[in-house]
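As written, the chains take the letters A, B, C and D, and residue 1 is the first residue of each chain.
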Amino acid sequence: MKFFKNEMVVEFFEDKLAVGGLVIFLILSVFALFPSLFSYQNPYDLTQLFLENSFQPPNHNFWLGTDEQGRDVFSAMIYGLRISLYVGLASTILSVIIGYTLGLISGYYGGWIDTIIMRIADIQLSFPAILIALIIMALWGEGIGKIVIAITIVNWVYYARTARGVVLSEKEKDYAQSAKALGMSNFGIIFGEILPNTTAPIIVIATVRIANAIILEATLSFLGLGVPITQPSLGSLIANGYQVLFSGYWWASVYPGILLMVLIISINLIGDRMRDVMNPRLKR
Amino acid sequence: MKRLTVAVAALALVGTMGVAKTLKVGLASGAYTMDPQAFNETATNSILSNIFDTLVRFDENIKVHPDLAESWTNPEPKVWIIKLRKGVKFHNGNAFNADDVVFTFNRIKNWKKSGFKGKVSMIDKVEKIDDYTVKFITKKAFPVFLRKLTYVNMLDKETVEGKSDEWIGLHPIGTGPYKFVLWRKGDQIKFKANPDYWAGKPKFDDLIFRVLSNNATRTAAILSGEVDIINRVPVVDVNRIKSNDKLNTFVKPGLRLIYLQMDQFREKSPYVKTSDGKNPFLDVRVRRALYYGINEDAIIKFIMKGFAAPAAQFHPDVVVGYDPTIKRVKYDPAKAKKLLAQAGYPNGFSVVLDAPNNRYINDAQIAQAVASSLAKIGIKVKVNATPKSSFFPRTAKQDTSFFLIGWASSDGDGSSMLDGVVHSKDDVKGYGRYNNGKYSNADVDRLIEESDANMNPASRVKEMREAQQIAIVKDQSIIPLHYQVDIYASSKKIKFVPRTDSRIWAFDIK
Amino acid sequence: MLKYILNRLFHSAIVMFVISFIVFFIMFKAGDPVQLLLPPDATQQDVIEMRHALGIDQSFIKQYEAFLRNVAKGNLGNSFVYGQPALDVVFERLPATLELSVLAMIFSIIFGVPLGIIASIRPKAWYSKAIMFLSLSGISVPVFWTGMVLVLVFSVLLGWLPSSGRGEVYLFTSAFTWDGIKHLIMPVLTLSFFQLALILRLTRTGMMEVMMQDYIKLATAKGVPRRVVVYYHALKNSLIPLITVIGIQFGQLVAFTIVTETIFAWPGTGKLIIDSIQNLDRPIVVAYLLIISFIFVAINFIVDVLYTFVDPRVRV
Amino acid sequence: MALLEVKNLKTYFFTRNGVVKSVDGTSFSIEKGEILGIVGESGAGKSITGFSILGLIDPPGEIVEGEINFDGRDLVKLSQEELQKIRGDEISMIFQDPQTSLNPVITIGEQLMEAILYHKKGVSKKDAYNTCVEILKTVGLPAAQKRMKSYPHQLSGGMKQRVVIAMALLNNPKLLIADEPTTALDVTIQAQILYLMKKLSKEFHSALILITHDIAVVSQLCDKIAVMYAGRIVEYGKKEDVIFNPLHPYTKGLIECLPKLNDDKKRLYQIPGIMPSLLGLPKGCYFKDRCEFADEQCDVYPPQQEIDKRIVFCHKVK
């Protein structure tokens, strides 16, 4: 198993684009983890904002210009990156935990538990994700915690489905059967035996879904239903700047937009490569 | 050669006569219905004003002028006799007469879904005296009567009676300068000239309203010539439009005041954190400190790009009840800090400022700027800007401690704001529905109630000013920020007339 | 077959019932639309009367019961704001939305499938890598960002294309007039960018998997020209999973018109739903969501039918 | 002159983990109408040899050396377009698994007719159709006309294999390569199919290369036998010689494995050990680790020896 993993790691690093993606992602993560080290001002601290600095084009004080509140776009981007990443990661982790647990239970026990969970999933999947999130956010109002929950509600289904499918095939395999024969508890079998054998597909899906969650958050924020502009994510920075994009103050939305693109592309490069590496069907 | 001349002449003829003249207007929002009595909302009212006539109409400076009413008398405080214009026809050829007036008022009074009830609620009875004379009896003496009538569009009794509300909502037939052609919802509304309009044929053969709700696209549309006029020019785009030599811009002071209101009725307010656990807004010194501590000049300069007028009271100068002696205080953070210290909050306190983010011009940005200003006098403000769909229900439930909101004195009379925002909340008498900070002062209440029934304009204004003196200067019940201004842009090919009531009245446009 | 269809219809009806209940409940909880419908100078009495007239002063159960009664009569109630039957309001705007979605889907397929095939044949070639990188950008760029950049470049800077509206409409669509087409280009491109990339990637993966199959090797061993092997033998097989995806994605496209329509002021249902949510116009929101889920159900059904044509193995 | 002469063929796969020498210097030949059996364990390079002849090696595989002389042309040097004309016409191939070798979404008829229409320009669809029906009858498929309209999933495994065989015979090829044509089938059907193949190859005067792991099959059908081990031929000669007098210890082992009718007391013999991984081949003779005769001499790869018109690679054969 260890060797296998190592081989995957080696294989991962053979793709230059994927390595590039990983490097960029790591750099951005450092920025997001320690925003105060890299930014000129704390965009949340209102005592640091002065309207007199409103809409300054990029200059030596404000590298990427300022927005209408006199907020330094570069600093706001770094803090925004932090929030975008946080929303993407938090919602993905939450949906993995919830969706995966429900999927494992659903697949392992079957019966009415399975029916109920999968019916709920069906109903939710018969509906575009963005609409669900949109309605939730429109009625709850903006907020980082709220958007994490909204995205979790939207995304758990995908993991539940995958986990269920994997469990259905895994539980028939020898190791699970023998664990049962040895008198292991259901809980033990699910989380001790089956879970470790089903992580690969989940990791791949989760990586791609982080990118999706970030896009969803940005889109909702763009529609004015995501993260408040007082604690801007990249999406709400773009939305805020979009109001003045055509008035000549392009820097307020173009730079956050580019950073968002770079972030998502880097995550997708990693996800793509992981899928290739972990998908035995595409290998000979 | 001769032939050529003829051809050129023919072409010129086609140019002046054959080609229909079209006026294209780009609006920030469109109409919700074609029923002039359903939804009382500025954009819908503005569009429908081109189809329907009212008994009296505001001019561009919100003075009352005769429209379908030729003249009126007020023999007793509660009685108004109105003489109707003769020979006026609806678009379907039916004659306009007193029956239509009585029908129209009764429809609003009896139709529970009408948004115009507030305009007729003081009217007790409408009676036909003869075909061209109508008598109105009000519940009490009602000085704002005529101004309220400017919102009551005349319907044709024969056409409308017995029709479903849905039908009326799609088939507008009025007596106005333009006739309805088509309505592609969310996209455009098309009218054509009514050649039989009683005041003469309109200048334009076709009138098209296009809905361009996105600020950027609206600007792009006027710059590219897709439309001839736009309203609500984004403040950040004004200079760009000004620099285009084919376009004019117009700045017209509006009626809407943007102000801050705060919880003035609870000992403990839900969204305030203070050292002593009390509601600081109960102390007038704190309220006044906020007034001194907000750098409104900077907000106007940087957020509104200069397109707003600083406010010191409830109404702008065109509104009845304006008090020229009330002046805005100078931004003075030091004084604000001193006042806070006197009130027992030398280190300030923290509070959530609620604001809508899709209702007023730059609403969320203004709230942030307010927060940024107050941060400098030690008050930590967290801005909670939400869509109007969650903002208004919250304020209605007083689920807020401090909020940014707006009020337009749409009648051109100060009574609406005094009644709705300043008078103590009193659902039985119908006062203070928007007074969600629940400011209450018995003297102010008395003055407002007296002025509401005072038919003597001079003493009435005096009472209104007195109420303001107490509510603003003494009690600082709200913190006025600024009056919005309406900004329009139009092609230089046409002569546009901006109006105080924010409507686009195409008949005046040449 | 008939039994199958009836079964499907029954299940869909249940799903739609549940959706109506949930949405109705959420909107019920959301707040009082009368606060937004009446002008500030209305009195509390007006508020009470309006609430009564709209039937929103009743308990939730009563309101939902009234809603179901209306549904039985084929009516989803009148819009609070527009005063018109909610279904009419949505249906009136639906052609504009479907026009965008259908054209975007066609565009995505026309370009996505061939590019996906090209990238699958020689996955190591530079052009395959270029296509794949572009498609990665395609799925990485949010729809609104694409739209913004297009407007900035083609409307504001170059002035070639109109930035908003639907243009001249002829027979339900603007695709038949030059003015209409000019208005369509950017919204359709914006909407299809993501889909194109997705379809491209799925086509490629599908083709690569199919190309490894024995029957492809046998077809080659039989002397069938490469071109035929790829575009007939392989493509026909990889189309099958693609049809499912295109079906699901069509629903997503319809939903994503919300963003596109917001940017391009396109008078479709996307703008309508945003406005209606903000106005708390429950009948419209419920009607819209029911119609959308009906479209989803219908598409799934069409996909199933298509399957029986493309895949002989599932013929019923 | 031989119909097909393979000389020193080397087909390597350049994988991430190293170069896999699937076929490493193989030579053999086959005459018109002859049947050659290539025997060996799975992974010995038999199938790759077959695919190499048809030029069906996909990256990362590549023919790195050798000649494949067929009817006066070196197939290795031909372009894909030229090969395409030969494939299915002059040389055709039958795959191992009938379940996966037919395209599931195309009718049997279309898949058959294709083989004619892409080779014989000017043949009408109707003639092609008739030919296909005829050939289906020849391979013993009942209700041939109905089968033309069928899809593969509507046929049983044996029927499918008959279709695949019919497909290979359509253009009366000079050389037929059958890659384990019966492994995926039931035992009773195996015999039928094998008999059919032998009959047909004689009838059509085709040379046949039968690739199999089953030496019993080879001993029944073939004229010549090539035994492959770890990418190389270790013994090559006439059937009678190889079967009755195997020289190479590996061949001997294979034959020992065969159950003998008159000797049921003895336990079935097994060659000890497994074939080495192609990535970790031992120095010297690849078979030495499993060979009871191996000694220091075997640390050098044995040279080719020709004994009684037989070729064998083993130090121990004199």
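The rule is simple: contacts are C-beta pairs under 8 Å (C-beta built on N, C-alpha and C of every residue); 3 or more make two chains touch, one makes a residue touch a chain.
What you see is a predicted model; the values in this text were computed from it and never measured.
Steps from chain B to chain C, taking the shortest chain of touch contacts, total 1.
Using the average of C-alpha coordinates as each chain's centre, D ends up farthest from chain A.
Between the chains B-C lie more C-beta contact pairs than between any other two chains. The most central chain, judged by the distance from its Cα centroid to the centroid of all protein Cα atoms shown, is C. Look at where the CA atoms of chain C average out and do the same for chain D: the two points lie 53 Å apart. Each chain gets a centre from the mean of its Cα atoms; for chain A and chain B, those two points are 44 Å apart.
Averaging C-alpha coordinates per chain places the centre of chain A 23 Å away from that of chain C. Between chain B and chain D the centroid-to-centroid distance comes to 90 Å (mean Cα coordinates, whole Å). Looking at chain B, residues 216, 220, 358, 387, 389-390 sit in touch with two or more other chains.
Shared interface positions of chain C, defined as residues touching 2 or more other chains, are 30-31, 151, 156, 262, 277-278. Touching chain A in their complex are the following residues of chain C: 15, 18-19, 23, 26-27, 29-31, 133, 136-137, 139-145, 148-149, 151-152, 156, 205, 208-209, 212, 251-252, 254-256, 258-259, 262, 273-274, 277-278, 285, 289, 292-293, 296-297, 300. Residue ranges of chain B in contact with chain C, taken from their complex: 32-33, 35, 38-41, 112-113, 115, 117-118, 121, 165-166, 169-170, 184-188, 210-214, 216-217, 220-221, 224, 226, 358, 387-390, 392-393, 396, 407-408, 410-411, 416, 419-420, 427, 430, 433-434. By the touch criterion given at the top, residues 124, 213-226, 228, 233, 236-237, 240, 310-313 of chain C touch chain D in their complex.
By the touch criterion given at the top, residues 51, 54, 56, 59, 80, 84-89, 92-93, 95-97, 100-106, 111, 114-115, 118-119, 151, 153, 164, 167 of chain D touch chain C in their complex. Residues 17, 122-123, 126-131, 134-136, 138-139, 211, 215, 218-219, 222-223, 235, 238, 242, 245-246, 250, 253, 257, 260-261, 264-265, 268-269, 272, 281-282, 284 of chain A are the ones touching chain C in the complex.
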